[in-house]
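Here come two complexes built around chain A, the first alongside chain B, the second alongside chain C.
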Partner chain A sequence: MKYLLGAVDTVPLLLDGLVTTLLICGLASILALVGAVCIVAARRSGIGVVVWTAKVYVTLMRGLPIVILVFLLYFGVPALFDLGRVSALWVGVLALAMNGAAFQSEVLRGAIARLPNGQTEGAYALGLNKFQLWRLVLTPQVLPIALPALAGEIGFLIKASPVLSLITVVDLTRRAQQVTMQTFDPLGPLLAACFLYFLLIGSISWVSRYLETRLTVGRTR
Partner chain B sequence: MTSSTPAGNKDIREVAISLDQVSKWYGSFQVLQNVNLNVRVGERIVIAGPSGSGKSTMIRCINWLEQHQSGRIVVDGIELTSNYRNVDAVRKEVGMVFQHFNLFPHLTILENCTLAPIWVKKQSKKDADAVAFEFLEKVRIADQAHKFPGQLSGGQQQRVAIARALCMRPKVLLFDEPTSALDPEMVREVLDTMVRLAEDGMTMLCVTHEMGFARQVADRVIFMDRGEILEENVPDEFFSKPRHERARAFLSQIIH
Partner chain C sequence: MTDFITTYGGTLLRGFLWTIILVTGGFAIGSVFGALLASMLVSKKKLVGWLARSYVELIRNTPFLIQAMLLFALMGVLRLRLEPVLVGLVAVAIYSAAYMAEIIRGGLNSIPNGQREGARALAIGPLLQFRLIILPQLLPFVLPASVNLLATLCKESAFLAGVSVAELTFSGQVVITQTFLIFEVWAIIGVLYLVLVLSIMALAQFLERRMSWVNPAR
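Showing the complex of A and B:
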């Protein structure tokens, strides 16, 4: 009970950490989605080298522990190119986005594969061009299929973000540790952080479910 | 023009589609072998032949869903080449109805019908809606306009697909086995719709094994096998005394 009260009391102390986590994960998710679309486009381009590069990228990202990627970007790359100190925050955004793009591209690919047959030829036969096909016919159908899994990927990304505390980013997790050190309370701040992570990830899946029903309203398959 | 056009007095009509020595390969397999075909404005042609004979491939070449590799295809005076402007121009003139309807499940019936007129022909939504209702009336399904395709029966969906194609006011309609994915009790309503289109003078190319339909509306039946057109004949003769032996074999199969 004492610990729970302590946890509630420490929530305000963690808010700046929460803001940092939100900022990094928000930006990274958006960049990841853009990257994922590019990867899917590359894999569908039919141009040998481009397809191959995209595949290799996805395989690498899926196999690489995210800590290693973060260290490579924060320590390795600046040393290699003599860049001096780089912003830990932006490295964090980039690392999560690079990783997320690979996973999200797989989600999109899977969703595209589940579209009903004949949509493309139906659209082309009506005279739509490729851009209109994607904008008006395929994407509106892909999104509701992909949404739950995309939300899951964003959840993973949030859960991976504490790794950035290893490179001096003061995110929610790091902030909780700091408060622990200041208050000598080993549990309260961590419980508070748990609560905030749950809230964050829970609200994302809630939003995705809401959007999913909005997007599929009225139609039966 | 081939000499086998049965109704010689129609020959003055202008040519809507002409295929001249058209060939196509999938790898080393030749799907189309020097296909020659002229379709005149207002003509109704039924294409028959065994499975895998290249019927779908041939009509899909006419709106460039498949690309031929040699020969010439000219639609309404526009030659199909890899020039995208020509392809777009041809697709505006040619509508297509598919075996599995290919309606857009995320759009209502009305939106299915207005999508292309709005985006391809740049019609206003109001005009497009008006045209869509006109054709939905014609296929007798206007009362379902605000439903989604998944809420309609197969026969209704196919009629919507026909209306959707008509909304672009095509000069030619291609049908690829429009009734073969339907439950038997729904075949009639789709065929009736097609007969009415034929009566209105629409130029039609139909891949179908519906012999009743062929007898009722077709000017010519084209028999294809192994990528070749083996026989062109008037329906009555084609069905009662086909000239080609493979056509006889084919007919004896589909009659039973």
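Showing the complex of A and C:
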């Protein structure tokens, strides 16, 4: 009983960490989506250097562990350019967004590749310009194909977000560690944090699966 | 530069080797348990299937760092004094088992039931059926996907530095405390990870192309 009462006291602390984690992941996901659209545009631009740069960027992000990316950006780059202290939170969000953008761009590229060529040709035949083609014809078809996988990518982003606790950001993982230090309870806070992560990521993968069944109705190939 | 390599190259290289040992060892153990879990996932017994499903969902929907921290805390509570590297290997095994189970389950589901019925009609026993009919169709599906999983594990294993397992990322932290060459060390480590992960990914792509002759009927 005493244990339970003590545990209840730590709930606000953990929830505070959860809010930080949510904030980080929300911001990073939005930035990542914007970045992903830019990468896809760059890869379709037809300008050799731009296409090549985008390809190299995606390969780098796919091959580099998020931990190393965060350490490079938070410890390495400021040391190289003598920037002094940088905000761990913003560097973390930037790193998550950089990583997420590469993976989300691959999702978008795959979804665009699944559209038959006739859509573009038909749109041009009807006299639509490039902007109208994307706004009216392609995007409404790409989104339903890409949404479930994009939701999945957001799940991966949340799963990677504890990396920020390694650079002193007080997110859910770090909060759990702090509560452990305070209460000398090695398992409880971590289990609680684990449960909260499970709820968060689990609900997103559930949404992803729901979207998949919902959006593929009448589009069987 | 040559000074740096002769003095600290060994530390980094040892970390690199430990990362490879951790990941491949964890992957090997995880594959065995993953295969076991997959057979539970497709089993007709409800309770068995439910148990395997909850394990897989639990691992797949929580961050690796939290899992590793929990495992270390659990070792502390149980007063088990194991080498951190060994606990890290177990963490990788626990993680990869869940993902491997899903890969194998996907492969098993892609084989139409008619194949099994046909085998039974031809009086082919379960063992021979697995070896002659299921396995040859399963491998082209499972091999590329599991090599991709191996690449993911290499990246995730960097999190183990957060619980002081002496792998590549941790060895970088050690070298930095001695040299203060912050950017250079992380860049070198980044290149080492890139070489490792990208070559594993290339292998996965090669396997995928090589095995595309089997188009499992879906």
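The rule is short, and it goes like this: the second predicted complex is superposed on the first by the 192 of 221 C-alpha atoms of A that agree within 3 Å, B and C clash if a C-alpha of one lies under 4 Å from a C-alpha of the other, contacts with A are read in each partner's own complex, and residues count from 1 in each chain.
Keep this in mind: a residue touches a chain if its C-beta (ideal position, glycine included) is under 8 Å from a C-beta of that chain, and two chains touch if they have at least 3 such contacts.
These numbers were taken from a predicted model, which means no experiment stands behind them.
Novice: Quick check on the superposed pair: does A:166 touch chain B, chain C, both, or neither? Answer first, second, both or neither.
Specialist: Touch partner of A:166: chain C, not chain B.
Novice: For A:60, is the partner it touches chain B (first), chain C (second), both, or none of the two (neither)?
Specialist: A:60 sits against chain C, while chain B stays out of touch.
Novice: Between chain B and chain C, which one contacts more residues of chain A in the superposed model?
Specialist: Of the two chains, more chain A residues are contacted by C.
Novice: Which partner chains sit in contact with A:113 here, chain B, chain C, both or neither? Use first/second/both/neither.
Specialist: Neither chain B nor chain C is touched by A:113.
Novice: Touching A:132 in the superposition: chain B (first), chain C (second), both, neither?
Specialist: In the superposition, A:132 contacts chain B only.
Novice: Taking the superposition as given, does A:198 touch the first partner, chain B, the second, chain C, both, or neither?
Specialist: In the superposed model, A:198 contacts chain C only, not chain B.
Novice: Given the touch rule stated above, what does A:77 touch, chain B (first), chain C (second), both, or neither?
Specialist: Second partner only.
Novice: Which residues form the common part of the chain A surface touched by chain B and by chain C?
Specialist: Touching chain B in the first complex and chain C in the second, no residue of chain A appears in both lists.
Novice: Write out the stretch or stretches of chain A touching chain C in their complex.
Specialist: So the residues of chain A in touch with chain C come to 59-60, 62-69, 71-72, 75-77, 79-80, 155, 158-163, 165-166, 173, 176-177, 180, 186-187, 190-191, 193-194, 197-198, 201-202, 205.
Novice: Looking at the complex, which residues from chain A come into contact with chain B?
Specialist: Contact set of chain A toward chain B: 116-119, 121-129, 132, 136-137, 140-141, 216, 218-221.
Novice: Once bound in the complex, which stretches of chain C touch chain A?
Specialist: Within the complex, chain C touches chain A at residues 57-58, 60-67, 69-70, 73-74, 76-77, 154-159, 161-162, 169, 172, 176, 182-183, 186-187, 189-190, 193-194, 197-198, 201.
Novice: In the complex formed with chain A, which residues of chain B make contact?
Specialist: 60, 63-65, 88, 91-92, 94-96, 98, 100-106, 108, 115-116, 119-120, 148, 150-151, 164-165, 168
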